[in-house]
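One chain, subunit A, appears in both complexes that follow, with subunit B as partner in the first and subunit C in the second.
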Partner chain A sequence: MDVQAVKTQSLARYKEERDWFALLAEAAKQMPTSEGELQVKLLEILLDSKQTVVDCVENDKPFIGGYFCNAPELFHAMDLPWFMLMETPFLAASAPYLLNDIEGAEEMGMGTDLCTAIRLPIYYIENGLMPVPTALLGLLYPCDGAPMLHQVIEHNKVWKDVPIYACDPPYTSDERAVQYFAEELSRMVEFLEKHTGKTLDVDRLKQVCEESNRTYSLWQDYNELRRSVPSPHGWAIGGAQAFAISQCFVAGDPRCSAWFEQLCKCAEERVAAGKGASDQEGWKEKIRLFWFDIMPYGWIFEYMPWLESEWGATIVMDMFGNFPYTLIDTSSRETMLHDLAKRNLLDAPMIRQARGTAENFSNDIRRIVTDYKIDCVIWPGHMGHKDGSATIGIMRDTCRELGVPFLHIGLDLFDKRYTSIDEVKDKTSDFFRGMGLA
Partner chain B sequence: METRIDSEAFDRFREVTSSIGNSEIEAWKQAGGKVVGYFCSTVPEELFTAAGLYPFRMRGTGSTSTELSDGCFSNINCSYPRHTMNQALLGEYDFLDGLVCINSCDHVRRIYDNWTVRLDTPFVKVMSLPRKIGPPQIDWYYEEINLLRSDIQEHFGVEITDEDLWKAIKLHNEVRALQKKVYEYRKLDAPPISGAEALPVMVAGTAMPKERYKILLQQFLGDLEKLEGSSDYRVRLMIVGGELDDPEFMQVIEEQGGLVVTDSTCFGTRLMWRPIDESVADPVRALASYYIYDRPSCPRMYGDQSRRIDYTKELAKEFRVDGIIGERLIFCDQWLVEHYMTNADLKEDGIPFLQLDREYILSGKGQLRTRVQAFIETIEGMRS
Partner chain C sequence: MAAFDRHIRDVLEFSESLRRTGRDCKQLVYPEAPDVLRSTLPISVGPGANPGIILRGDTFVELGNPTAGSCSSLLWSDDPSLIRDGRITLLGPDIPESGGASLPFAQVLMLAGERLLPMDHERLQQAHIVGDQIEGYMVRSAAENIWSRVGKNAAQRGFNFEMLGKALLSLVKCDVKGVTAMEILFVTTSKQDVKDLSEVVYSAKEIASEILKETWKERGYDVDCQFDCASCHDEEVCDEIRDVLVTIKREARTSDAAAGSEPSNPIKAELNS
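Then we have the complex of A and B:
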């Protein structure tokens, strides 16, 4: 497939995904609640981001491929539109074409034990279904699959000429590691300036980081509100959206802070009235759950509402909603890069847990179980999260020490054929019953 | 395993690799020596030699189950760390005075965490290995090696001077050169040594002190020289993959008529094909540069796939290989994707390639035989 054919085909697919979100936005507009309004606003920002990328492809303007943990405040400050290479599994897994794509990836002979979130972008790249950016930022952590995906990109004949830079992640988490990562970010900026013609203005970066600080501060406030019993929100609004809006689309943009303000207001009202996520839906919060992974985006609507209606189980916190707040010191370029390095290395969800040693898992469990009055912890055991699955003994021991039950399921967050939803539900029900949580 | 090789040195190599504990360790410990285990070929074992320690590369040899380590890992984890950890929990590694882990892959890096929780080895460290191979990464690893050097000095009460390090580097390079000589024999039309016989020779180099190994290797090369080669094979094969320390896997392949004449594996050529540069001023710099950039890499190292495939093709040409087998431990993402790319690259050059998934402890021999037979027949069919 030549470059032009890839451009045409990938643009058609990208527009299809954009249109899927437009459809979701229309559906969300029918929800007559504050939460519905928040969903609409999020989807509008997402659509705007998608449309910007479409415009870049159609009019040969510079845009990049990247990741949430590449310090997106830097792209924003450089006025560089971007999309995430794992956007479909992370954000559009409910799209109707997802299962066909997974099957397509299987037909490539890649095997079925490689993380679906890695297999899908490989499939898109190898089959000309992903927009080819001006420059690309790779991801070498938190798992083995990520660097392999980017080696496939370098190997692909159409993508071969796309300049690529990937920050190297240290395995440790001390000041030396943060400093090293900050230097990697600095080299990343040099790379972007060289290949996109855009420049990083320190004053603009300061402005973006200040706004980003405001966003994260609001996120922190929101997470405080989720400690309430009952929790003001469950799975349907909170962590996933907070992650997407703050890190995937408009990092350091006032629209992002405005969205969080509304989220906090909405949660505050519920807390003040003593209402939980359940009151609107007609069920009672009986079990406060920590879902220690990404949400099961491929089949979220078939499982999460069931958890609530069948068991009164509220997802009070999940891996992506838990984002410890690191203030960015905006006094100089160096301090900003340093603190962005710290935030993206030590705070970014999934990165903070899986990149380094297992104490990152056990410390999160300890803190969240205590702070959020958690009744039980579910480690879904996504088939791609092999380092986490090699940590189950430590996680179980931590939960035992805290006196909360721990469940490891074993599933694919994107592909419901891996472990059927009925089986996931059975395991969950057996766990709730067996642990006396029902 | 039957062998035509009549050599006391070879018998020693087979003895020390057929189980975890061995008589070399016993003798060393009786003399008051300390043993340090390590995972992965990217850990600079020269540092242990320089410190007067016995470096032992971690394996799960002899394991028959994972019932003790199943509490640490899950069923989507590689069988190599599961079996190795199980052996440790059974007490097979009680002889260790220290252990150095590394973030080589998602499975093996968790050994460190589980080990520190469940076992009481007095000295357990984890090294931070970069993913990239550029100058900043060499600098990072330079610091990592120096940090480990300080930790070893402090814990074991030894001093590791630059002179000690150079001495160790020279010794390890001498060993690499001797191992390469063994591989030279495998280039012959009628090699005196098979792949299944060569593997314990290589593995033994990671299971005994280097000085002792070097002497035995010299003796072994003398014995090999006298041995008549064998051309009783149908095709010449190369193995590409990761952690492979089981000669039986090779043997099953060779029983079908595919002589394994070379490899790019963690216990094979990648250990020794290139020496450490002895011309630089700083021995730690030499080690960092070697382990990050100079030695043939595995897919763990990002941005090096083109050099890896060139390396594979060069070896295939040098050893006149008819086909390449890509072996992979199930659940290894790195080798899964690497083999996907290797397959595409070799196809362009018309080199037959077979990917074999396996468990660390050999199972499914029947299926393995069938697939290898079919592969050999395909190669033969291409010739005619």
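Then we have the complex of A and C:
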């Protein structure tokens, strides 16, 4: 395929994905609840973001490919549109074509033991289904699988000439490491300025970081509300969306803070009324669950509602809803880059666990179980999260000390054929029964 | 176990230096048993004592908002003579006189017990997660530092740092086995003082990480292992299985096409490398 063919084909797919979200937004508009309005607002931000990328591709304007942990506040401050290379598995895994795409990736010869979230973008790049950006930010962390994507890009006819920069993540997590990563971010800004023609104005960055601080403060306020018994929200609202809104589209935009304000308002109303995650008549929260991973986006609608209705189990906290962040000191360019480095090297979800030291697993479990009154911890055991699988023993021992049951399943969060949903449900049910949680 | 002894001495010296430079300082000593301490408190202490959450509108004072300054540390030693058991030191304004304020806040818990060992470290660290155990007091769920709220109802009943300190002394001494002495330092003077204190205790975090790594290793979990596909004896077998799977899938597609049926995947997997 030549450049033009890739442009046409990728644009068609990108628009297809955009239209899928537009359809979801229409459906959400039919929900006459405050939570329904929240979904609509989130999808509007997402659609706006997608449309901006479409406009860039169609009109040859600069835009970049990157990741949520590349300090997206910097992109926003530079007025630089971007999309996430792993966007489909992270944000659009409910799209109807997902399983076909996974099949296609398998046909290319990629091992079924390679994380599906990495296999899919490789498949999209190799088959001309992903828009080719002006410049690209690579990811050398959290896992060894992510750099495989760069190896593919290096050899792809259309992508190989796209300039690429990847921040080098140090192994340690001390002050020296944060300072080093801040310098890496500074070099990333120079790279983006060189290849996109956009510039970073410090005053604008300060404005964006201050707004980002407002967003994150509201997120923490919201998380406190989830400590209530019953928790005002479960899997359907709050956790994953909070992550997406704060890090995946326009980080540090007033619309994001406004979304969180409404989220807090919704949750406060539910807490005041003593309402739990479900509005189903007679429903009661029976099990408070910590789902220690990404949500099973590929089959979320087939599993999560079942957990709630069948067992009264509420996902009170999950890996992406967790809030380990600290705010950004906006007093100078250096302090902002330093604190963005800390957030993106040490705190961002999955990065915190997979790049981080194993103590993050045990420390987070200890804090979350106590603060959120968790009844049990589920480590889904996503096939791509081999780093986490290496710490299952630590997690289990920590839970044992805390007196909280721990379940490790073993599945693919995006591909429901890996472990069938029935099997996952069976394992979950046996666990709840066996541990006397039901 | 002398890993944190230097930090404990530095914290006490820091506290003393602030007192000497004229900061408001209040010191109280309560070496009593946990149940005696608890019985003197006008608030409940223990699991479920603060069942709800304290909303912004119900907050009398906020402590340790990151914009105001925040620091939290837990240090321990097997030498009880390093600390004065039951001592609570407050440097800076107290809660009752700070209604509506957002105070900078540092909290250092210093624990000691002759039988404490590195393997106890993780259990000891758990001690500062108070959860719902102090009525009228909510510590936000944050991975670093400390950010908390005192409710208006508790403030009306005189909630102050003396009560908070007594509650913490009682909870830790009661729940954490092996702790025979405990001292607490609270600082609310200024953001700069809190920042200076956090620098005093900073290196304790790195030592704590090393202790954890070693104790997990003793329990059979080596967190620094070096193992990947390239170092695995079965790499060839995995590669062969992968090739077989690809062949099967491609043959299935060919036979589907020959039979005239729709392929399961509408996108042709043409590599662009």
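Observations
In the analysis below, the second predicted complex is superposed on the first by the 434 of 438 C-alpha atoms of A that agree within 3 Å, B and C clash if a C-alpha of one lies under 4 Å from a C-alpha of the other, contacts with A are read in each partner's own complex, and residues count from 1 in each chain.
What we mean here is this: contacts are C-beta pairs under 8 Å (C-beta built on N, C-alpha and C of every residue); 3 or more make two chains touch, one makes a residue touch a chain.
Model, not experiment: these values are computed from the prediction.
Partners subunit B and subunit C, once the complexes are superposed on subunit A, run into each other and clash.
Legend: residue contacts after superposition of the two complexes on their common chain; A:G393 is shown touching both subunit B and subunit C.
By the touch criterion defined above, A:D168 reaches subunit B but does not reach subunit C. Of the two partner chains, subunit B is the only one touched by A:H150; subunit C is not.
When both complexes are overlaid on chain A, the residue A:D221 reaches subunit C alone and has no touch with subunit B. Of the two partner chains placed by the overlay, only subunit B lies in contact with A:C115; subunit C stays clear of it.
Of the two partner chains, both subunit B and subunit C are touched by A:E359. Once the two complexes are laid over each other on the shared chain, residue contacts for A:L47 go to neither subunit B nor subunit C. Of the two partner chains placed around the shared chain by superposition, subunit C is the only one that A:K373 touches, whereas subunit B remains out of contact.
With both structures placed on the common chain, the touch criterion links A:L327 to subunit C but leaves subunit B unconnected.
Between subunit B and subunit C, the overlap after aligning on chain A sits in one stretch of 59-67, 113-121 or 365-373, namely 113-121.
In the superposition on chain A, the residues of subunit A contacted by subunit B and by subunit C overlap at 108-109, 111, 113, 144, 152, 155, 357-359, 390-391, 393-394, 397.
Residues 108-111, 113-115, 118, 122, 138, 140-141, 143-145, 147-152, 154-155, 166, 168-172, 176-177, 180, 183-184, 187, 357-359, 381, 383, 386-387, 389-394, 396-397, 408, 410 of subunit A are the ones touching subunit B in the complex. Note for the complex: subunit A touches subunit C at residues 1, 6, 100-101, 103-104, 106-109, 111-113, 123, 125-129, 144, 152, 155-158, 173-175, 220-221, 223-225, 227-229, 268, 271, 323-324, 326-327, 347, 357-359, 362-364, 366-368, 370-373, 390-391, 393-394, 397-398, 401.
Across the interface of their complex, subunit A is touched by residues 51-53, 55-56, 66-67, 122-123, 125-126, 129, 131-132, 138-145, 147, 202, 206, 209, 212-213, 216, 219-221, 223, 225, 228, 238, 242-243, 245-246, 249-250, 253, 264-273 of subunit C.
Taken in their complex, subunit B has these residues touching subunit A: 71-78, 81, 103, 105-107, 109-110, 112-114, 117-118, 126-132, 136-137, 140, 143, 299-300, 302-303, 305-306, 330-334, 336-338, 340-341, 344, 357.
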